[in-house]
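Just below is one structure, and these are the notes that go with it.
Chain nomenclature is as follows: A, B, C and D, assigned in order of appearance, with residue numbering initiated at 1 for each chain independently.
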Amino acid sequence: MTLNVAVLVGSLRKGSYTRMLAQALAEVAPDTLKLSIVEIGDLPLYNEDLDGDAAPAAWTRFRSEVKAADAVMFLTPEYNRSVPGALKNAIDVGSRPYGGSSWSGRPGAVISCSPGGIGGFGANHHLRQSLVFLDVPVMQQPEAYLGGVNKFFDDQGKVTNEDTRKFLTTIMTTFAKWAETNRKR
Amino acid sequence: MTLNVAVLVGSLRKGSYTRMLAQALAEVAPDTLKLSIVEIGDLPLYNEDLDGDAAPAAWTRFRSEVKAADAVMFLTPEYNRSVPGALKNAIDVGSRPYGGSSWSGRPGAVISCSPGGIGGFGANHHLRQSLVFLDVPVMQQPEAYLGGVNKFFDDQGKVTNEDTRKFLTTIMTTFAKWAETNRKR
Amino acid sequence: MTLNVAVLVGSLRKGSYTRMLAQALAEVAPDTLKLSIVEIGDLPLYNEDLDGDAAPAAWTRFRSEVKAADAVMFLTPEYNRSVPGALKNAIDVGSRPYGGSSWSGRPGAVISCSPGGIGGFGANHHLRQSLVFLDVPVMQQPEAYLGGVNKFFDDQGKVTNEDTRKFLTTIMTTFAKWAETNRKR
Amino acid sequence: MTLNVAVLVGSLRKGSYTRMLAQALAEVAPDTLKLSIVEIGDLPLYNEDLDGDAAPAAWTRFRSEVKAADAVMFLTPEYNRSVPGALKNAIDVGSRPYGGSSWSGRPGAVISCSPGGIGGFGANHHLRQSLVFLDVPVMQQPEAYLGGVNKFFDDQGKVTNEDTRKFLTTIMTTFAKWAETNRKR
């Protein structure tokens, strides 16, 4: 049995390390997980006045894609010691309309990264606070604060360091168990 | 001497209580403060690829308005136990380009609100964490977690309860001193 | 099958509302859970110099009791917008010595309370941040920020309000499922 | 004019890096600041039943020393992604009895450290959340998340790396200005 995993990437720039990380994680994931990026860059800023039957098409598309997933992974850099606005906006869009959240009950993981040593700790835990409200049970260990992410990849986007590759593999193996244990039934 | 205060409103819907709060606070502010709302609803999601000389006009407009202010106030509801994506996006836009943050050194205040009793506590403190990085010295007391905000106003947007009005006045009086003490010189 | 639940109470005063809450939760818990308070008031402040073979008896007692449990519940007031020092100290004691944490893998719940309306939100989420590190999978919903806790009980410590009683029952019923799903195997 | 600075050290073990840091910071502080460690290791866990006229002598001693200070510095390792229980307990003791907080209005700084790369980020910001409530205006920049602290010192406790020494000097110089600007008058 395969679980579909919606992957959200918190950085919008094309060559982002976070997006490369999504690819790297997909490569080491066990066969029981199928990872697909759900795009967030075209979502208009959430405004309740626009929601409802005539909601922007991008919101509707996004909500459908999240609802179709069995599990969710959040990969994110840190902007100003917190979650990038673009990613938080996606979370807000997915949480509405009131009573119709797309997130509820889908098991999740949070992986933060940064070029510096702190590895996006602030973004990671702010995200976790939102996921309590959204009823997304989040894998606790291994925590993933990936520092020095700018040195992870070669020109083809392959992870060069063996220890890093092993850690990413451990993340995905553990998450597969977590998602299987906590998936909606 | 008058200090110009940039006011950011975290909710985009037209009839938002947070926006009414901005008006109410302006009315009780001492003469030494001039409050003006800086709009955030038209800011494209931050994407480093778009930044630089050809940055979106809305970003440039926003950055200029923040830079022209002597102090900043953040009024915000809570979305999913954190800062609304739209407001966080504005903070991100204002923090860039690298080395050219619009926020640095401007004294600030954070006021959160909600219809329920918790008063946006989660949004309030997540915002404060970002403001550490952005070097915005934030007024500590009075803390403002305004619960029951949906019952604050009459049809003309006037605050009906005398205690509430007094508390808003105390906030503004204390902030005037805070902003004067900590303004850039 | 019955799961043993270690209950930690964050307030040390005898007549504390948090302790009364422990009793009230035990009364509405399903038969599959057996709740027992693990005392924290006699634990010396954690100091690595004192740890090891000659560790204080209270530390050893505490660690044994947590290790004997299948699941853990943290009931706590908020002190200064965070976890009471006494409760955090207990968490620190249980997390050591290095490599021998008593917490790992035990499913948990966090319930915060306060006389005021905010219900210990700050303590609740600070605790959750520690529990990520400690590999305690924490129930996300229902969140429990119990405001007005000083009005919950009659002279015999019984919960007087029916809605409150129902909410406490829902907490325990949901936690029973959470603990069963995520218990160590 | 000299400001007295109460320094709290979050680790109780004798040879703690955090305590060595206190010494190192005192050495590079400008003449306008006089740093003194206020000990926290003998404070009984806070229990409201014990407070009042017959409060433990260690509490009374601690409260007097904090009240005698013009400013406060918190130096802390991270325990389980948050503030060590011993330090949080000291904060709680100083905040009481109700209405008689020892902290109010004293400008402060938070400096966290760890052997690893994250530098105590979690402890740092949890502490800051408490200091909002306690009305301690906290210096925002430079943020101090001191990673690799176990390699800072030689056998005599001297900071060996010139860049580290410069950063510690910048912290103290900036704090001197912050404390002067925001001290109680």
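Everything that follows uses one rule, which is that contacts are C-beta pairs under 8 Å (C-beta built on N, C-alpha and C of every residue); 3 or more make two chains touch, one makes a residue touch a chain.
Keep in mind the model is a prediction, meaning the values are calculated, not measured.
Undergrad: Using C-alpha centres only, name the chain that sits farthest from subunit A.
TA: Farthest by centroid: D.
Undergrad: With contacts counted as defined, which of the two, B-C or C-D, has more C-beta pairs across the interface?
TA: When the contacts at B-C and C-D are counted, C-D has more.
Undergrad: Nearest whole angstrom, what separates the Cα centre of subunit C from the Cα centre of subunit D?
TA: The separation of the two C-alpha centroids amounts to 28 Å.
Undergrad: So the centre of each chain is just the mean of its C-alpha atoms; given that, what is the distance between subunit B and subunit C in Å?
TA: Inter-chain centre distance comes to 36 Å.
Undergrad: So which stretches of subunit C touch two or more other chains?
TA: 81, 122, 125, 129, 132-134 - these are the residues of subunit C that touch more than one other chain.
Undergrad: Quick one: in the complex, what on subunit B touches subunit A?
TA: For this pair, the touching residues of subunit B are 11-14, 41, 43, 45-49, 79-93, 95, 122, 126, 129-130, 132-134.
Undergrad: With touch defined as at the start, can you tell me which subunit B residues reach subunit D in the complex?
TA: Touch residues, subunit B against subunit D: 125, 128-129, 131-138, 140-141, 143, 181-182.
Undergrad: Spell out the part of subunit A that touches subunit D in their complex, as residue ranges.
TA: 81, 117-119, 121-122, 125, 145, 147
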